[in-house]
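The chains carry the letters A, B, C, D, E and F, assigned in the order they are written, with residues numbered from 1 in each.
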Amino acid sequence: MVYVTRRERFNAAHKLWVEEWSEERNFEVFGKCANPNWHGHNYILFVTVKGKPDPITGFVMDVKDLSTIVKEQVVNKLDHKNLNLDIDFLPKGIQPTTENLVIHIWKQLETHIKGCQLHCIKLYETENIYAEYFGE
Amino acid sequence: MVYVTRRERFNAAHKLWVEEWSEERNFEVFGKCANPNWHGHNYILFVTVKGKPDPITGFVMDVKDLSTIVKEQVVNKLDHKNLNLDIDFLPKGIQPTTENLVIHIWKQLETHIKGCQLHCIKLYETENIYAEYFGE
Amino acid sequence: MVYVTRRERFNAAHKLWVEEWSEERNFEVFGKCANPNWHGHNYILFVTVKGKPDPITGFVMDVKDLSTIVKEQVVNKLDHKNLNLDIDFLPKGIQPTTENLVIHIWKQLETHIKGCQLHCIKLYETENIYAEYFGE
Amino acid sequence: MVYVTRRERFNAAHKLWVEEWSEERNFEVFGKCANPNWHGHNYILFVTVKGKPDPITGFVMDVKDLSTIVKEQVVNKLDHKNLNLDIDFLPKGIQPTTENLVIHIWKQLETHIKGCQLHCIKLYETENIYAEYFGE
Amino acid sequence: MVYVTRRERFNAAHKLWVEEWSEERNFEVFGKCANPNWHGHNYILFVTVKGKPDPITGFVMDVKDLSTIVKEQVVNKLDHKNLNLDIDFLPKGIQPTTENLVIHIWKQLETHIKGCQLHCIKLYETENIYAEYFGE
Amino acid sequence: MVYVTRRERFNAAHKLWVEEWSEERNFEVFGKCANPNWHGHNYILFVTVKGKPDPITGFVMDVKDLSTIVKEQVVNKLDHKNLNLDIDFLPKGIQPTTENLVIHIWKQLETHIKGCQLHCIKLYETENIYAEYFGE
């Protein structure tokens, strides 16, 4: 079993805000992440698949194909978008935290990986914070 | 003359949009940077000052003081904010491009640097794009 | 289960030296790391916790809280200090290798993580060397 | 159990090409990686071993010794070489993909690690692609 | 005057070899860079232009246009190629050192930059070596 | 004129302390950098030389030779040492700030660079602070 990882990037706006809470409670919990006019990040995404290298090509999966799938299913839908307002694959009202993003990026990708298995979604929000999800 | 540089970071939302233009013209010029619901970046700021090291302390300028000035005058005003809507030191209607940001960050800082000279403002918008301004 | 990681940094001095050994033996085993007047590193620390994201906040754990705990329990005690002489949570006479540091940083943190679990302590000593500990 | 990782680097040329296939088929599968006059990469290699730190030295394994072994058995054989033509430990005709490289670097190293266990070979081909192998 | 920089990447093979010299002299001067079967690098290219930001768009030059020019004139001609054999804009027999590459990349780009000025070509060969050229 | 830069690294201990001052005054000016038992850094050094590439070798200067000189004259004298106590080329009592280090590293190197000119010494103390010196 060999693990292969592809890095992709997207830049997006978001804020953390619970509609049912008062402004005061939102700022207490989310701090400056609750600022009303949004802020944003350069997100860095690592998608890892695992499998046996093909005896002829030496590929677990063609990394160009993996990149195409990740761009079509994830990056093109998130890049230069607002994560609270614009993303069809995020449930309505869900907080666009890095934790929730990795789970829903996994769901978005898992049925598109053929011939090997999706292993890990890792997402950097800043150089100091990242989340990982392994499908369960 | 020794040059000393301090790195700081801020995360902000913005879009590029000329009010006087049609939607079509805006997307033609700015592409996905014109998306209506904003996008954002992890900006990385490098502020360089120059001067002679003090013969006793060995400092051109205390870098902790430089960091405090940059945070008070620039980072705290930009971090987790919307660069089109929230920034008092950016002229109304100016495009928040990296080019315009370095000029106005320079103006915001130059009168606060004492005992040595501001030399350069360098700002990364993504790992692939940065702008620099030397005051003229 | 989602894994969330926070990066922190500290700068410290140390040397590797076994009191019971001759100077010759110390230099034979530890090389220049045994130099008597100390040397030092910019350590980079990654603390990973794991748990289920809260359905409302989307947090496994508030990363600001994680950062506060790591600073209070670890970084403030190690930063700008001597790892052989100044650290109350390192057993007396223990070598301050990256391996021993990750074990004792784990012990220092594990009782302070509430509502989710400590998963990994990863510590870079240089860009070429790091150690990881998963609690057993 | 503590995991210790050493980073090493080598620069090499290669191409991806199946002798039994037509030129057309090779370019269809491998794209520009099939260009006849080779291309190359700055490979970055991470070798991880695991074990218990020695109670006196605090070492799982002396990282200088690990570096020496990795250089002798792997880096010196790959650095400034052609991965298709020059490498004695790669089976003839095998594609020098990152996936195949991590498997054969593992085989090259596993018998040389004494007193602790080889845990992982991780190899970056570019900043966007890496492969990992854990020995099975 | 504001300086704007765009980063691009290409992966290529090369060797250093003077045809008129003996093999012995080539290895004496170029060391392992003279290995006959080539080696290669992940080159990282920084192209800097300078000018006044447009008062409406805030652009010195549209960075997407700059990227397109650099890709068409330089990156697509160098990526996954052999720098000694395949590059039409490198004079025959010239050593493909980082120093010579930055001069000829400058020549390749300077007539294509319109409305502002080419300022600097910076090229990393490895993380430890880079060259810069400012046009004279 | 082409500029060529070589990166080197060293790890050292230091503190900032003026003997003539009280402990109180030292901590007021230098903060935690005055801690008595030292702290340390992974310093990253960039040495830039400038000149015309040789028409045959394509070298401004053989970067291996530049690396050898920097190691012999600077890195081997600073690596795993105490910058306040152990360095023969630093004047007694001088503060080992990044500013003072770049000046004295320049002095240490300038007479050893032959056939081209020393252009810049750049030294990172942390990822957030660096100093540069151009010889005057």
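Here is the rule we use: a residue touches a chain if its C-beta (ideal position, glycine included) is under 8 Å from a C-beta of that chain, and two chains touch if they have at least 3 such contacts.
Remember, predicted model here, so these are calculated numbers, not experimental data.
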Touching chain A and also chain D, the following chains: C
Same or different residue numbers at the chain B/chain E copy interface, by half rule: different
Centroid comparison with chain A (C-alpha atoms), farthest chain: F
Far-end chain from chain D, centres as C-alpha averages: B
Angular offset of chain B relative to chain F [C-alpha, multiple of 5 degrees]: 120
Chain A-chain B separation of Cα centroids, rounded to whole Å: 28
Between chain D and chain B, distance of the C-alpha-averaged centres to the nearest whole Å: 41
Whole-Å gap between the CA centroids of chain B and chain C: 34
Where chain E touches two or more other chains, by residue: 127
Touching chain combinations (by label order): A-B, A-C, A-D, B-E, B-F, C-D, C-F, D-E, E-F
Touching residues on chain C, where the partner in the complex is chain D: 16, 18, 29-31, 94-100, 102-103, 127-134, 136
Residue ranges of chain C in contact with chain A within the complex: 1-8, 53, 56-60, 62-64, 67
Of chain F, residues touching chain C in the complex: 9, 11-14, 32-33, 35, 37-42, 79-82, 85-86, 126-127
